[in-house]
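Labels for the chains are A, B, C, D, E and F, by order of writing; each one numbers its residues from 1.
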Amino acid sequence: MTKTVLCYGDSLTWGYDAETIGRHEYKNRWPSVLQAALGSEARIIAEGLNGRTTAFDDHLADCDRNGARVLPTILQTHAPLDLVILLLGTNDMKPVVAGSAFAACQGISRLVRLIRNHAWPFEFDGPEILIVAPPAICATGNVPFAASFPGGIEESAKLATLYRDLADELGCGFFDGNSVAKTTPIDGIHLDAENTRALGRGLESIVRMMLGI
Amino acid sequence: MTKTVLCYGDSLTWGYDAETIGRHEYKNRWPSVLQAALGSEARIIAEGLNGRTTAFDDHLADCDRNGARVLPTILQTHAPLDLVILLLGTNDMKPVVAGSAFAACQGISRLVRLIRNHAWPFEFDGPEILIVAPPAICATGNVPFAASFPGGIEESAKLATLYRDLADELGCGFFDGNSVAKTTPIDGIHLDAENTRALGRGLESIVRMMLGI
Amino acid sequence: MTKTVLCYGDSLTWGYDAETIGRHEYKNRWPSVLQAALGSEARIIAEGLNGRTTAFDDHLADCDRNGARVLPTILQTHAPLDLVILLLGTNDMKPVVAGSAFAACQGISRLVRLIRNHAWPFEFDGPEILIVAPPAICATGNVPFAASFPGGIEESAKLATLYRDLADELGCGFFDGNSVAKTTPIDGIHLDAENTRALGRGLESIVRMMLGI
Amino acid sequence: MTKTVLCYGDSLTWGYDAETIGRHEYKNRWPSVLQAALGSEARIIAEGLNGRTTAFDDHLADCDRNGARVLPTILQTHAPLDLVILLLGTNDMKPVVAGSAFAACQGISRLVRLIRNHAWPFEFDGPEILIVAPPAICATGNVPFAASFPGGIEESAKLATLYRDLADELGCGFFDGNSVAKTTPIDGIHLDAENTRALGRGLESIVRMMLGI
Amino acid sequence: MTKTVLCYGDSLTWGYDAETIGRHEYKNRWPSVLQAALGSEARIIAEGLNGRTTAFDDHLADCDRNGARVLPTILQTHAPLDLVILLLGTNDMKPVVAGSAFAACQGISRLVRLIRNHAWPFEFDGPEILIVAPPAICATGNVPFAASFPGGIEESAKLATLYRDLADELGCGFFDGNSVAKTTPIDGIHLDAENTRALGRGLESIVRMMLGI
Amino acid sequence: MTKTVLCYGDSLTWGYDAETIGRHEYKNRWPSVLQAALGSEARIIAEGLNGRTTAFDDHLADCDRNGARVLPTILQTHAPLDLVILLLGTNDMKPVVAGSAFAACQGISRLVRLIRNHAWPFEFDGPEILIVAPPAICATGNVPFAASFPGGIEESAKLATLYRDLADELGCGFFDGNSVAKTTPIDGIHLDAENTRALGRGLESIVRMMLGI
């Protein structure tokens, strides 16, 4: 039977293109690449929001960027789910959001517990959870982005280790985005087309394994 | 170029199946039928949430059912959009939500203004809007559903006329769900598989026209 | 010393003009007329918001219409105050808001307690409070307004008596707007220029008395 | 081992005394009577808030009356729990809150699901749940209370049957408050000292059974 | 025709007097000075709230200090507007609020977008926007204030340059408060009577230019 | 007459046991020890919530940790009160919450004003307030706790002095938890059984004095 996978993320999932200051073409976004790889065996649902945090408020946008406040509504919308992929944490590196890898890790932990304790309709089974560490922030000459993420290079470099330990502790899958992709020096945060495609390809194997397909 | 269409709705869009007390198969839900009809010319995004209202709070669920509070986040997630289809109003018929067709119509008006005034990222153009009147509530022997919607048969029967006038006034497209589908007497509210498919087929023509495809 | 008076109200205070579907000229709005009458003895601050309720949510607008949620911020903004005039209740007549004069009266009571218990900065003294009953809703041929306020004619006619008793009980001043003004049949709710001016003139005497000027 | 019981309720649990317009003496409130009856075998925690609803907003007070919004915080505060007694629904009878027994029943259902899905700390087991139907509203000459609860006599009389069915459906215990207590005609809503004591005595047996003591 | 100008600010607009720990006389507050300078050509509306931030929460007060949450209600209250003057950012310097000039600048950007995307009633035109940099924080012997704003002297000194660039980018007017006024060493934050008057006088020229009067 | 005392706190009041990663036995928690000491002269109500802050949001839990948002509901629940003991501030030391003793002190000040301005039912008198400084955070080998509280040892050491001055300024009682108890090196934050008992014994004297018993 076709599996359903929710990709819950931020601009890396949305497909922010730092070069054109726009959105990557549909086919280049990692959820689309993953969909193409899995074909009819799975249905990939992309819910990426620019600026989304794990579990912290950010009132600088005309929408709700707190991942923990919005997640239950998204889970209910797409239930039943077989797998939820969480790719979040980069925006937590902003000091006005949280500013530390440790806080992002606590936010991911909160999201996992929200999924585990969700009141699924019709007593649907809950999904497996795959935690993905975002590729670390790199140095950039882009002044506004650099100013948004002071200390972000050091802190974001810690995410993979912290997320891996958390995934072990909570019985979730883990994938290190740094193993296949790196952020663009254009703004230090985002993935260019090649790297977002690489992330989709990189995820195929563990997603297949977790879905048993 | 491929067009992007957001289907923002409630259980009629989610695919609530009153017969099995579960979810309609993917292929039977109206957004899927519409996707199949339009093929590669459009990408259909389904955001249907059981119990969603137009613009009213309902604290009886573990998620945010107020369509107006959640919409900006969903718009931002799926931007840029060419068309938003609004299929809401049935849940507004509950007295604890609003209890009148007039209120539902005001709620739709609020959603249209939210879309029109949305702060689109990257100065994307805003989408066209298609207002769909949900098929009217019918008589049912299902006690809890009947009790949830006292007066709902009469009030929901007024929605099509009110929505049509509103769409004219606001320069939106309009489609009357009653013209192609009717609700099931099993619970008086939902669409069986045949009727949700019929809704998808019925929408094809106006969606093509509005998208210019 | 110059006295400071806050006029906290809805569209009757804002100056909604049903004839032009716009805003009354500044000089015709009742707070301006009151200002002109009192001259340099008082400073009149107008805070009228279309659709404001006493203490109930209304999510149909792009602002916060719940008078109780916004009031503390307005009190803090304009402190120290000598008098607060509350002219609210008409929007409570909408069934989606509250739909009864009794509920509006409870809302006014809530506002009075908010003022009485407000944490004034610098230990400023709290103000006197004048409760004004809005002129009763009248019959209208305006379909949307009539539909917004089913039962409103009967219920709004009860406001003056209920507010008078409440004012007595809570030690507030009371003024019956019906004694000097009546609503326009154009929409059944609002005041034409002559009537909003009359309200301002009518209030002068009690305001002078309460301010001791 | 000593059992822990949370009594989550409204003014009937707080101990509102309609005769003195104050609070019943500690020893007369039903949780105290229950505590005295069970002695050292159980620890009874009383969390009764005047005006608390099951799951609906009421902005007329300087606190949060929505039982569903506050419950998780109270559960976390008093965990681990062996039993939660829910005695709510009377305030739902107010039209500005919900106005129907059916809505109150949905609210109780929401609270049960909140308890069942709560993220208990330290993986504590969740508690048993006992749903108590409040004694029905009776006729009163008290004008403000009668005005707050139009239709309340008829609607509140339906609560026991609805709650009993819900308890069966959800696997909760059920106790009908009407079997041992009745409301006072002084305000039609509250329990006099004798009746609140009777409620505590009446609950002893089922609470012992559910706690296995 | 008389122009309408909204002054949206914090304690600098409210008129906090560090010497008397009270409020500056009406005539000395900068909006009053501006009103006096412009006479009947403009109507100046002062909405200054002690502690207001640009777009960040601060739960330490009995009102809503988040400028972005309250602004839409204030815009709706005073519409139609010809000009909005934003004088905010000092409170963003508190570490518990945001603690950086960069964050304040993002907050101002959020406010500008809120104004530009506001759903104006009656299709009123939106106003021009003038961004004013608050005079920089200075050294003070006042311990509580110094403790509230660690790093504030350095950060607030950056506001003028950042705001000027932002104003250019967004097509807003800009005025540097430092060019005419400086903060008092009594608390390091506020303006004495002479300096708040100087701010009002200093703004006259650019306000006239932006209003075309 | 029996006095009523509310203990409003965090995990130190709840009774978090760092050794067993569970909850201290009832008899060992400080409110229970205080109850035992005072006997029938006072009724001690324990409202301790793990992670509660003074007045700051923390979205990492499935409940509301902002002490200022929840307090009014708790006050209303347990009114009338003779004394409120505030033992909070440790969680404010987390950088994602506030990260400074100064901020915690402002939060306590906010809570005191909430109590002083509370709209007590039935015109009950407000309670006395006792501010307790939590024992300072100590060094620990517990990595997650150390990571949650960087700088916490230094900042928490300042709480006693700041709280004492605040208590003097606001006319509250003060007790320094450090005078009788110290935190465990197991996690650097919590009290072992002996130390939480010591806190209860230590508080007896000042509580008796404040209650006049």
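The criterion applied here is as follows: a residue touches a chain if its C-beta (ideal position, glycine included) is under 8 Å from a C-beta of that chain, and two chains touch if they have at least 3 such contacts.
Each chain and its UniProt protein: A, B, C, D, E, F = Lysophospholipase L1-like esterase.
On a predicted model such as this, the values are computed, not experimentally measured, just so you know.
At the subunit E-subunit F interface, residue numbers used by both copies make up under half of all numbers present, so the two copies contact each other through mostly different positions. Each of B-C and D-F has its own count of C-beta contacts, and the greater count is at D-F. With each centre defined as the average position of its C-alpha atoms, the distance from subunit A to subunit F rounds to 38 Å.
Centres computed as Cα averages put subunit A at a distance of 43 Å from subunit D. Here the spacing of subunit D and subunit E, counted between their Cα centres, is 49 Å. Across the assembly, subunit D contributes 57, 61-62, 69, 113, 117-119 as residues in contact with two or more other chains. Taken as a contact graph, with one node per protein chain and an edge wherever two chains touch, the assembly fits none of the named shapes, being neither a line, a ring, a star nor a complete graph. Within the complex formed with subunit A, the subunit D residues making contact are 113, 116-119. On subunit D, the positions that touch subunit F within their shared complex are 2, 14, 21-23, 26, 43, 47-50, 61-64, 69-70, 72-73, 75-77, 79-80, 118-119, 121-122.
Every residue of subunit A that touches subunit F in the complex is listed here, in rising order: 55-57, 66, 68-69, 98-100, 102-103, 106-107, 109-110, 113-114, 117. Against subunit A, in their complex, subunit F makes its touches with residues 57, 59-62, 95-96, 147-148.
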